[in-house]
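Below are two complexes that have chain A in common, paired first with chain B and then with chain C.
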Partner chain A sequence: MKFRLSEHLASLIAVADLDVERTEGPPPSLRVDRDDWAAVARIAREAGMRLVAEWAAQEKDGFSVHAAYAQNPNGYALVKTTLNAGVEGFPSLAPHYVAAARMERAIHDLFGLMPLGHPDPRPWIKHEHWPEGAHPLRKDFAADTGMPRGEGRYPFIEAEGEGVYEIPVGPVHAGIIEPGHFRFLAVGEQILNLEERLGYVHKGIEKSMEGRDAFSAARLAARISGDATVAHAWAFCLAAEQAAGLEASPRAATLRAILCERERMANHIGDIGAICNDAAWGFMHMQCQRLREEMARLHRRLFGHRLLMDCVLPGGAARDLDAEGIEALAGQTQAMAREMNELFEMYEDQTSIRERVIDSGAIQSRHARDLGLLGYAGRSAECDIDARRDAAYPPYDRHPPQVKVCKGGDVSARLWIRFQEIQESARLVQKFLAELPAGPLREPWTAPRDGRWGFAAIESWRGEIAAWVRFGAGGKIDRCYARDPSMINWLGLELAVREVPVPDFPLNNKSFNCSYSGHDL
Partner chain B sequence: MKLWAYNILQAALLIGLSPLAAAVLRKLKALLQNRRGPGPLQTYRDLVKLFNKEPVLPDRASWIFRLAPYVVFAVTALSAAIVPVILVHTPLSAVADVITLVGLLAMARFFTALAAMDLGTAFGGMGASREMTFAALAEPAMLMSVFILSLAAQSTNLSTVTDTMLNADLGLRPSLAFALTAMALVAIAETGRIPVDNPATHLELTMVHEAMVLEYSGRYLALIEWANQIKLMLFATLLINLFVPWGIAMEATAVNMAFAASAWLLKLLALFVALTLMETWMAKMRIFRVPEYLGLAFLLAILGMLTHFILEVVI
Partner chain C sequence: MQRMLRKIIRVGTVTEPPGKADNRIETLGALLDEAIRRRFQGSLAIRQVDAGSCNGCELEIHALNNPYYDIERFGIHFVASPRHADMLLVTGPVSRNMETALRMTYDAVPNPKLVVAAGDCAVRGGEFGCSYALSGKVANVIPVDVAVQGCPPTPADLIQGILTALGLAR
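Here is the complex of A and B:
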């Protein structure tokens, strides 16, 4: 993990004549006054940094609010401020970073800390039936507290005018997908505005993390979003290993990367088919389903789980690869890349699908950068973020990926990036398999001391995952925060479907394919 | 009297076989996608299952909502009774007028749309609005394409048109190519196939016809599904018997009718194979393109008429 940005940000803050307290790492962090919290964000914004995440934690005496910033090629900077006991507000970053808006609303719901100056005070994760004053992430809130059912009304954005109507979609959908509510304002077939209402799959993962040991927590982290299980588990483990002051062996790190790239390939393949299926091109869907299934079966044979759950453990990896496994993986990866290449050519020649995806749901690159859109959603709109390169965690520090970026920001661009990434991931997998270092699979785990913490950013197939872990007494987790890329990319979807016809929404939605579970936690 | 029996028999054949046709279509599609697909009886099982299920009605459903499936089914079944299937001249062929047919189908559509709007849900209204927009363009194109044939047959009666196609020495008529293309385009739109609508989708926001019937369940849904399958069969039969009627029975003898039935089934199969190929190969078009698509059908029909007057009418 690269944290050079920390020093850079500290000097910028000092230049602006604000107090900053440096804490040496690893990882390094900065502490600023509560009143300067938003000013620091303004400085970071003006310096062209992006906001990675904003989260809160309860301290022995009061609360703390944390933020992570990033800028290529300097890596990441962590900033925090403390709220003394009795202080229950902090300046909002939303005026400087749009992406902070929902994170701060979630902080307000879960901690009861008020983001001051926030333009949208509506609850986010907290749904109407939660009682007043229920703030689950406070330590005095027992995890098994019952939430009585209550009535309520969420004030959606409204529009008036002739011919304007609302389309409520979800949270229960006709297909077997996760729950989420979409409220469209439309005129005829044209979308005026999409408003998302999420939180239906809030499972209390952050609360449930508290008090677990690292291994149990890694299992839970692997289930934050099932389609990105390797990346989430890796992010958690990397952060926990930082806290424990140990590093996974080169062999374990390379194995993790192989799994993560395979996960990327499988998800991209599945999604490409699903996107085409949303435009009723069933042929592509069936081919992609078949390829994805073959990958899942090999994963089950080699790693014991079709989706690769619980393969990444604190200190290393769960299963090793023998020569036969390496051969099978390499052979299949190559075959997948070849087949997807053929399908890509068919897709490129297929005018009826190209006609649907080109120019549908385009995001301007400056908007993508303002939001800090992650993963393929960002990279398809010239927002060049890839944690594998930016954070340079092993083994990508030695084998950086060739990050593909393109213009356009429409469904077509997002598809193109995904096709390209399959090829790049296949290349990386082959390379990692060929150069798999010898060595132990797992380092012996030593529980971190009370108060030790770590931060990691991992590029999942969907985009950068940020994880922050702090251990308490007895090696148990005191607070764990995971920022799934969906937290930011859901905003991108809202932006993309303005001025898109209503029936093109599913196509766009699938091309983003944000996680509900990863967002709601 | 005997003719009446044959008339009812051929309608029953069409209605009874229509779930099979839908299943065959699905099976063909599955095969083209390297899948095994459900068996040919699955659609019948689905219908039986739905008929045996208790229908769940929305709170706000009025009598229109409950009545509509019966009207839709009855009207579609009646349309099936007036088109020539294996026998050209039947007692009901006296009313087998293309305008009547379009009217009957419009009535089914009217009730479906009414029922969709009855509940006041967004999807129902959206589906109804889309369906009516498309219908307003599809119906004239459909009429026009049959009118090309009517110009030659001097009648809008479907049986007469078939008769003329079969017996009159028409020679090579370019207007027929226009008529066939226009009618095929309309048929795809009317039966809700790709690239206009996707009958297999689960995405509410993209649906046209399915969006209108989202709230139906149990026997109501069974009737609507069945009516849809009949409609698909009806359009296929219409295309076959108006443009390539060879083999259809002029007299009601057993041999003739057996031959006509097998010819009809073979032609249906060929048509479905063509439809499957197209549905596998194409994606659904953008919704704003559908009016252009139907406009094209209408334009082709007009061109067909012009061609008829320019090249084919001997003054």
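Here is the complex of A and C:
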């Protein structure tokens, strides 16, 4: 993990005449005054940094609020501020970073800490039937507290005028997908505004992390978002290993990367098919689902799980590859890349599908940058962000990916990026398999001391995942936070579908394919 | 167009035919086919409800429609509304925020109806355990006919579960 940005940000803060306290790492971190919390965000924003995540934790005496910033090529900077006992507010970052808005609403719901100056004080994860004073991430709130069910109403954004009408959709959607609520304001066929209402699959994952040991927590992290199980488990393990002061062997790191790239390929292939299906091109859907199934079957044979769950463990990986496995994986990866290349050419020639995807749900590059869009959603609108290269965690420190970026920001651009990434992932898998280093599969795990913590960023197929974990007494987790890329990319969908016809919403939604579970935690 | 046709011919049929090989799917498929023909006049409509899953189960339910399993050939199709459904296929530990929606969906399915709880979370809460945010296993919220274990259950497990539920239908 690369943390050079920390020193850069510290010097900018010092130049602005604000107090900053440096803590040597690894990983390094900065501490600033509560009153300067938003001023630091302004400095970071003016310097062109993006906000990675904002989260809170309870301390022995009061609370702390944390933020991570990033900027290529300097990596990441971690900043925190402490709220003394009795202080339950902090200056909001939302005026400087749009992406902070929902993170802070979640902090308010779960900790009862007020983001001061926040433009939208509505609850987010906490639905209207929760009791007023319930703040589950406070230490005095037992994990299994039964909460009485109350009444309430969520005030959606409204519009008035001739011909404006509302379409409420969900939480139970019309397909095999996760639940969430979409409130469309529409005029005729055009979407005037989409407002998302999420939190339906909030499972209390952060609270459930508390008190687990690293192995049990890794199992839970693998289920934050099932389609990105490798990446989430890896992010957690990397953060936990940092706290423990150990590093997975080069062999284990390379195995993790092989799994993660295969996960990227499988999801991209499946989604390309599904997007085409939403534009009524069944041929592509069937071809892609066939390829995806073949990948799942090989994963089961080699790693014991079709989706690769629980293959990444603290200290290393669960299963090794023998020569036969290496050959099978290499052969299939190559075949997938070849077939997807062939399908890509057909896609490019298919005028009826091109007509549907070009210019649909376009996001301007400057808006994508303002939101800090991640993964293919960002890279299709010139946001050159890829944690594999930017955080440079092993084995990508030695084998960085060729990051593809384009402009346009529409469904077509998002599809194009994903077709390209399949080829790049296939190239990386081949390289990793050919050069799989010798070494142990797992390092012996030694539980971190009380108070030790770590932060990691991993590029999942969907975009950058950030994980922060702090251990307490007895090697048990005191607090664990995971920021799925969906936390930010859901904002992109709202923006993309303005003025898109309502029937093209599914096409756009699938082209983003944000995770509900990863967002709601 | 020619390229597409060539590709279709080259790939051929990957669907695993019922009752031919030693694969579990094929045997199950034949049983499923017969049960659906007899009890549901050739057609079973399933409404899938994610009541809080991590979306792993959804990936495997999607796989039922891929060309290998092609569950539609047995007359099973996934429908957009609970009002069109004979069966609910429910995943996830039921989150507190989804409990009402799950009840409403169940009530919207016409009687007689079947409920299959799919996945360890739906069956017994799974990895997420007991939490302020969860109502727990599906049976805590609506009556369940059949439980399908697995994290997530494989497509073959899911077909087995659907088949078991059909065996219960009178």
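By our rule, the second predicted complex is superposed on the first by the 521 of 521 C-alpha atoms of A that agree within 3 Å, B and C clash if a C-alpha of one lies under 4 Å from a C-alpha of the other, contacts with A are read in each partner's own complex, and residues count from 1 in each chain.
One rule holds in what follows: contacts are C-beta pairs under 8 Å (C-beta built on N, C-alpha and C of every residue); 3 or more make two chains touch, one makes a residue touch a chain.
For clarity, every value in this text was computed on a predicted model and none was experimentally measured.
In the superposed model, A:Glu166 makes contact with chain B only, not with chain C. When the two complexes are overlaid on their common chain A, residue A:Arg290 makes contact with chain B and with chain C alike. In the superposed pair of complexes, A:Asp349 makes contact with chain C only, with no contact to chain B. Once the two complexes are overlaid on the shared chain, A:Asp33 sits clear of chain B and of chain C alike. Of the two partner chains, chain B is the only one that A:Gly282 touches; chain C does not reach it. Set side by side, chain B and chain C differ in how many residues of chain A they touch, and the one touching more is C. Legend: residue contacts after superposition of the two complexes on their common chain; A:Phe505 is shown touching chain B, with no touch to chain C. By the document's definition of touching, of the two partners only chain C reaches A:Gly204; chain B does not. Contact with both chain B and chain C is seen for A:Gly175 once the two complexes are overlaid on the shared chain. Within chain A, the residues touched by chain B in the first complex and by chain C in the second are 174-175, 283, 286-287, 290.
Residues of chain A that touch chain B in their complex: 165-169, 173-175, 189, 276, 278-283, 286-287, 290, 350, 352-353, 355-356, 501-506. Those residues of chain B lying in contact with chain A across their complex are 29, 32-35, 122-123, 125-126, 130, 194-195, 198, 200-206, 214, 279-289.
On the side of chain C, the complex with chain A involves touching residues 3-4, 7-8, 11, 14, 48-63, 65-69, 78, 80-82, 92-93, 95-98, 100-101, 105, 126-134, 151-152, 154. Across the interface of their complex, chain C is touched by residues 127, 129-130, 134, 136, 141-147, 171-172, 174-179, 199-205, 207-208, 219-220, 223-227, 229, 270, 283, 286-287, 289-290, 292-293, 296, 300, 306-307, 309, 342-343, 345-346, 349, 515-517, 520 of chain A.
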